[in-house]
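Before I ask anything, here is the structure I am working with.
For reference, chains read A, B, C, D, E and F in written order, and residue numbers begin at 1 within each chain.
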């Protein structure tokens, strides 16, 4: 494969109620590991890439378990720092029918959020990397992680490491402190060659445009993309999924990609009729698109692959897309769905 | 909230095969607590009402566990009697596709069914209550519970406690002894201000009307309601759900309410495409309608709330609707279904 | 019931990942027993027939457990031989959405595959039997089982035991050794009165016909059936299911039966919208058709019963169809799907 | 092996809290099948004997599952009747340390207890049997089962079937109706060739002897045995275990056998330091002694085998002793305890 | 029972690895509720007392579940406040043999620790109470809880509510901020009538005495008790357990109580040979002693009851002692340990 | 740490019955990964060493899962080959009391056993390694692995990589083919600097000495060690554990080490009274001794550490000793066993 990919972000423990139960309806929790950037990293490692995780975890049994899980799936964790503090957690009750899934974040005062930006030696951490992937969750956690994200992007640009940025805008996280998302996110987008973002993410940084919005989601996306390409000269591609939900288990998932040259690629929505686990679907999409990009595929193929990867993720329990590239290609090619034996 | 609601009925242990297995296909049973009236009580307590349970449970570890489970969900159990005898049980194998769910009742000789009617001091039990809720299951269990139900309604009417009655007609239970349902159920309907019933429940008490039945379920319901309002002057409202099943997991659920003044409110059927647990759906509906009624909402709003509550119950494992009023209102308002975080 | 049915084939342990997980995603496996012919036998025993299993299992705790499981479901296992060697296994990861289920066979060097044909005393094993059922999986395992299958059919024909043969063509198994499927399968079809097979199974033995294939699956099936009736004079009926898959959980299942007299019976496809376990669906269909045949039903009724049995199997966890004949008849009659209580 | 053994008694479902939890501390129950006589039957079948179960179970999924479990372990269940009524249950919370295990019986109105004695055709049921095993639990359940037990013993004696009787005196069961144990149990002991009983069981039938009891348990047992041999001329052997409990998990188990000729065999107590499941220990002992007796071993060897079987049962989860004869002999011979591989 | 008991302290979720596994060795956690003061409250409620919980929990699904669990066991939770912030957690890996159990606290920034002391209206909270129980864990959490504990004791003394204080000295908690334990704990001991404490707890407040310590633990305890009675005139009794551990599962547990009059009561150590769950043993002891005290038993009986309760707790999974008073008395009386049926 | 350690051997999937159940008593298996050399490798990685695994696994989901589990615990798996064939399995039923644990090997025709010796490029595989660890299980599997083991040791000696050899003599494996253990094992011992072996392992290679054996196990060990030091000049140390079993859960474990200079180090037996998992105890001991050796500790300290590690392993579920060096040192130092919090 073509060059090491490093992912910078927080590792979280996900503690989920069994099946479709409410939280603590019965006295058990299923534990998985997740985190937007780690999800991308694991998926890329399963696709065969050389992937390294960057960040900080709590120096305790939980932090070690999180790292072990990444290693299990082929991600190099040697550069992750261990520090005092707690592991970020999230509690999950998977919904059903017309009862939405609920996530209860418990990530206050985590080792990652508390780690000082000065603790990361970016020259060392980026050595040998071809790509850096990070997301808007990290700067949203507070001043320390915002500074660390900015440092990372700056160092990447300086040393020729290409930057992939996933917007992942979470108003609740920003509301918890006095950071200004527009100011903080702008340099990240400025450094990125590819952004996973829709018109809302772009509006956060550039402000909403005056006038009536276009009629369709696709038009809104295309217009936002044009604005972004103008504002951020390094940016070459913007991609997002489109999602329509008729019930908690039944979505239709499509995908869009705009390119600097004005191209707009589209994957028509696919019905996902019996979703197992929706969380991490966007990260799986991002990993899939990056896979094509890193391998030098053309944009349409990369988008198709990313879209299929995102679809498959909805059929895999946990945050990680554990499908490999052959699984994804089988869906791209529309192979039959009967038992493989 | 507006006044205490007391629910009189039997508590049952539900012993269910795991997942979609047949009974004892594997050697494990999942235990939950249920019972038509307790289901209503728990749901109302989750909605914020002051709810008390009335009845009798076995004075053993199972009975104590059943009470503990009600308390856990906020229902006051101090007035439930403990007596000799066994706990009623039911075994459940949840079906799938075109294989129906099966319930195997094992409630013979239960402490509740055996408890003498004279053991309930209704003046004391109803003190402070605004509403009494009971159902047609209780009088169906035998002479003792039939007498107790009649006493309860009589005492409620005498002391100004409003009565809610759910028909829940179960021919198998009545067939097991020589009680005449028409005779026994009539005074309960006579005391009720609201009945959860469809045309079959009404026909049981009033006899089937001569002539051809109307064409549609709604017309049959409306005609039965008119007959009931004539026969039972205290009765103000009759409500029921409508249900069409295309597979075990996929129903369409609507709701109807007739009012003494001749009004007929309707909630159009909603598709329930991936049902988790259908049991208790009617009780959740009743609790939802009562919620509106107790709070003084208008009938259409109460019916809409009850219908949404009934729909949500199908997405909650166990007999109880564990959703709170905000969850129900979110569905009434049609809020989006994506992960809440 | 009308006469003992003996089933000859391999018993397998199925080791499945929990729920919709990938293999070893979490460190647990659910164990069930299966095998194409055993699946037919268990289903027929649940329908009330006198069924005996024939074959060889490993003389260890796993082999004994497999036999115990057959006995549990009413199959007589006294004639199964115990021998050295290992039990055949298969690992299963049930898919979801657009991620297909995967079966990982681990049946090399099994006690069944290694058992010499000379070890079976067919006169004794078939004594008292009215029917022998076997499938194309057994001869595919190697020279020893190919010889044993041929011996079994020869002895059955000689002693007036009627033969039921399920094609079950598995190219991977045949590819693992130098057996020629056409040569080896021919005598099995020659002995059979009924074959569960579609045009692909027939083509394997008779070779593909020259010229363009007919347009529809049904036409292809009808033409293949005509060729088979010409080639195999004992053969009276050929039956198969038809399957269209829109996702891993949603298939449409129909059925076809051709008879020597030129008849073609068809059961229109039924939607199976929330499949629990697709494995063993074809075996359940075969058992259902055989049930009718053994009882002397007419062909259309037998096919309808087989089709309904096959549909129900998709709602039962494990390889076995554990529904009884009443359950199947309820689906044939289209009884309502609400909770049976 | 030497002759068929039939066991007459009730099958029970055991519903146990997981691990060392209290009942319903968490919402799950582990299901196993038991019953004093079935326990003996399964153990004998595992030792290689031809064993048949006699009795009545509920004609529902639970009754069928109980029979299936016996078949799984090699017991012939074809002669068990299916009837209306419920299955007897017992709930179990396994204790620990100084907290005793608790059994909550829920066997009122069971199909077995309700089955009329006239429904058993003992001539047919005993045909081909060499031994009949039954216990004092059966007559304790009520007049119907008391009559059935008496009929069974009478028919066995008449037709030369040897009778094995296990005292299993349970005061609580007798207290629930007006049966006189001395009167009812006497004919059972009169018919028996071997009784599993200690001095308390004998005293129930013969009355307590006047004067001070002997000093030791062994002396009391020997004196009671002498009285029994005088009173019951058919009786040849009486055997019992001795048990000293220092905690719920740590017992010392010995065994005694008195013979008509005046012999007294003793197996010194063995420490059982980490008991997994104490229930069924006495039944495993009885099966072990019967195994030797049926095979014509001398009394001391039979007792040693029975004692070792009883000890091993404490290491097997569930009511059944699932060890085979080689396992028992390994303990008799004192083979080493390290992992067998 | 004699008067309401209120317990003030933090509720925690305990997330434990299954069986004897290390944390996250497999991806599951068992959830229970605990907290030193809640443990005492639940045990007293199970003994039949009127018990109320005081404190603050997070206003989310986890906090509500914790309250539900207390209600399930009979504790009144209406006075517990709901507030923003997170629930305190602790992760537990139960040890074995010579591998100690490990607790990983994750209680930083909990709703309880963050709740301002001014938020508690002690006059209202103590109304109707006869006893207030609290422990040294609460003031150790920070300035806010230290102030709240002081306020609680002051209000209790002022209004004639008797105070029970459990030392529970945890150096790690105190080390996390600049609170001086001697200064902060002194007023709590000054208000207490009974203290559960050993010489280490006393030394924390009064300082270590000069000179060599006495030879035995009992002498050290007695001397510390004398110093405490001198320093704290309200204090009437000091009690503690003694514990010797030969392995993680095998302890010997004794108990001591010193009284103001100079009495020293002792319960000789009892072997606990197969400990199920050691956590909460001290709280169960305290609840047992309080039970006797509240009922007006003499000190020796109270101590014996407390000791037996503490022993039994080691046989109950979870933090709570779920045994009732009869269970405890059975151990005090030395009743036999065989299965209760 | 001091130099990379590579471990050459087979990875196995362990499929274990839950708790103390017999195999397939209930339909579930717990999966863990093991293998004598992998066990050593994982333990050393947990102690902080740089460890690499060498060998061959099946190129399927099971092989990948086994590698993932090693990585999770910090072992580098990049040099393990993937090949056709199956994964070796073993089924485990953990015993109890006087019922021994049983292992059912199912490793015939595994990818490891089938891998040709020529497929390993030992110069590359040993590059950078300071130590090579292997065991007598590998050559026992057949000619291919015997040749591979010989090649490995030859290459190690040639390139200055120190060799650690664990005897692990398994007569059953050798009996399955015509390899002569003495001939095959001799060159492995010739290359080793340390051997984990007792007198039986030595006798296999050197033949039993004439004359009566010494009285004690220790004397036998010492004499065998002297013979080995004479025969194998590279050998510096021989170490073994001593084990006395009073029940399946209660052993006493000691340790011995003989050194070329004539020294004999002994660790007195420690009681292990509640063993969780005995499998891998010897491997944990070997890893502990190697830890000291690699760090240059003196022999007595290394043996003490190895012994403590072996003891701790008995308290850890699974084959791997997951304790870290601090845990082991705490036991060496005799730290207290109470809950660490």
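Keep in mind that, in the parts below, a residue touches a chain if its C-beta (ideal position, glycine included) is under 8 Å from a C-beta of that chain, and two chains touch if they have at least 3 such contacts.
None of the values given here were measured: they were computed from a predicted structure.
Novice: Show me the overlap between the contact partners of chain D and those of chain F.
Specialist: A, B, C, E
Novice: Count the touching C-beta pairs: is A-E or A-F ahead?
Specialist: Between A-E and A-F, the larger count of C-beta pairs in contact belongs to A-E.
Novice: Going by residue numbers, if over half of the contact pairs line up, that's a repeat, so tell me which of B-E, C-D or E-F repeats D-F.
Specialist: When the contact pairs of D-F are compared with those in B-E, C-D or E-F, E-F matches.
Novice: For chain E superposed on chain F via Cα atoms, how large is the rotation, as a multiple of 5°?
Specialist: 120
Novice: For chain C, which other chain has the most distant CA centre?
Specialist: The chain lying farthest from chain C is E.
Novice: Compute the distance, rounded to whole Å, between the mean C-alpha positions of chain C and chain E.
Specialist: Chain centroid spacing, chain C to chain E, equals 63 Å.
Novice: Return the distance between the CA-based centres of chain B and chain D, expressed in whole Å.
Specialist: Once rounded, the distance between the two centres reads 45 Å.
Novice: Name the residues of chain D that each touch 2 or more other chains.
Specialist: 22, 27, 102, 274
Novice: Which label fits the chain touch graph of this model best, line, ring, star, complete or other?
Specialist: Per interface graph, the chains form a complete graph.
Novice: Would you pull the chain D residues touching chain C in the complex into a rising list?
Specialist: By the definition above, chain D touches chain C via 68-69, 71-74.
Novice: Which residues of chain E touch chain A in the complex?
Specialist: Counting only chain E, the residues touching chain A are 15, 22-24, 27-32, 60-62, 65, 68, 86-87, 91, 93, 102, 104, 106, 108-109.
Novice: In the complex formed with chain E, which residues of chain D make contact?
Specialist: 19-22, 25, 90, 95-103, 105, 170, 172, 243, 245-250, 274, 278-279
Novice: Going by the contact rule set out above, which residues of chain A touch chain C in the complex?
Specialist: Touch list, chain A to chain C: 270-276, 311-312, 314-318, 322-323, 327, 330-331, 335-341.
Novice: Would you pull the chain E residues touching chain C in the complex into a rising list?
Specialist: Within the complex, chain E contacts chain C at residues 26-27.
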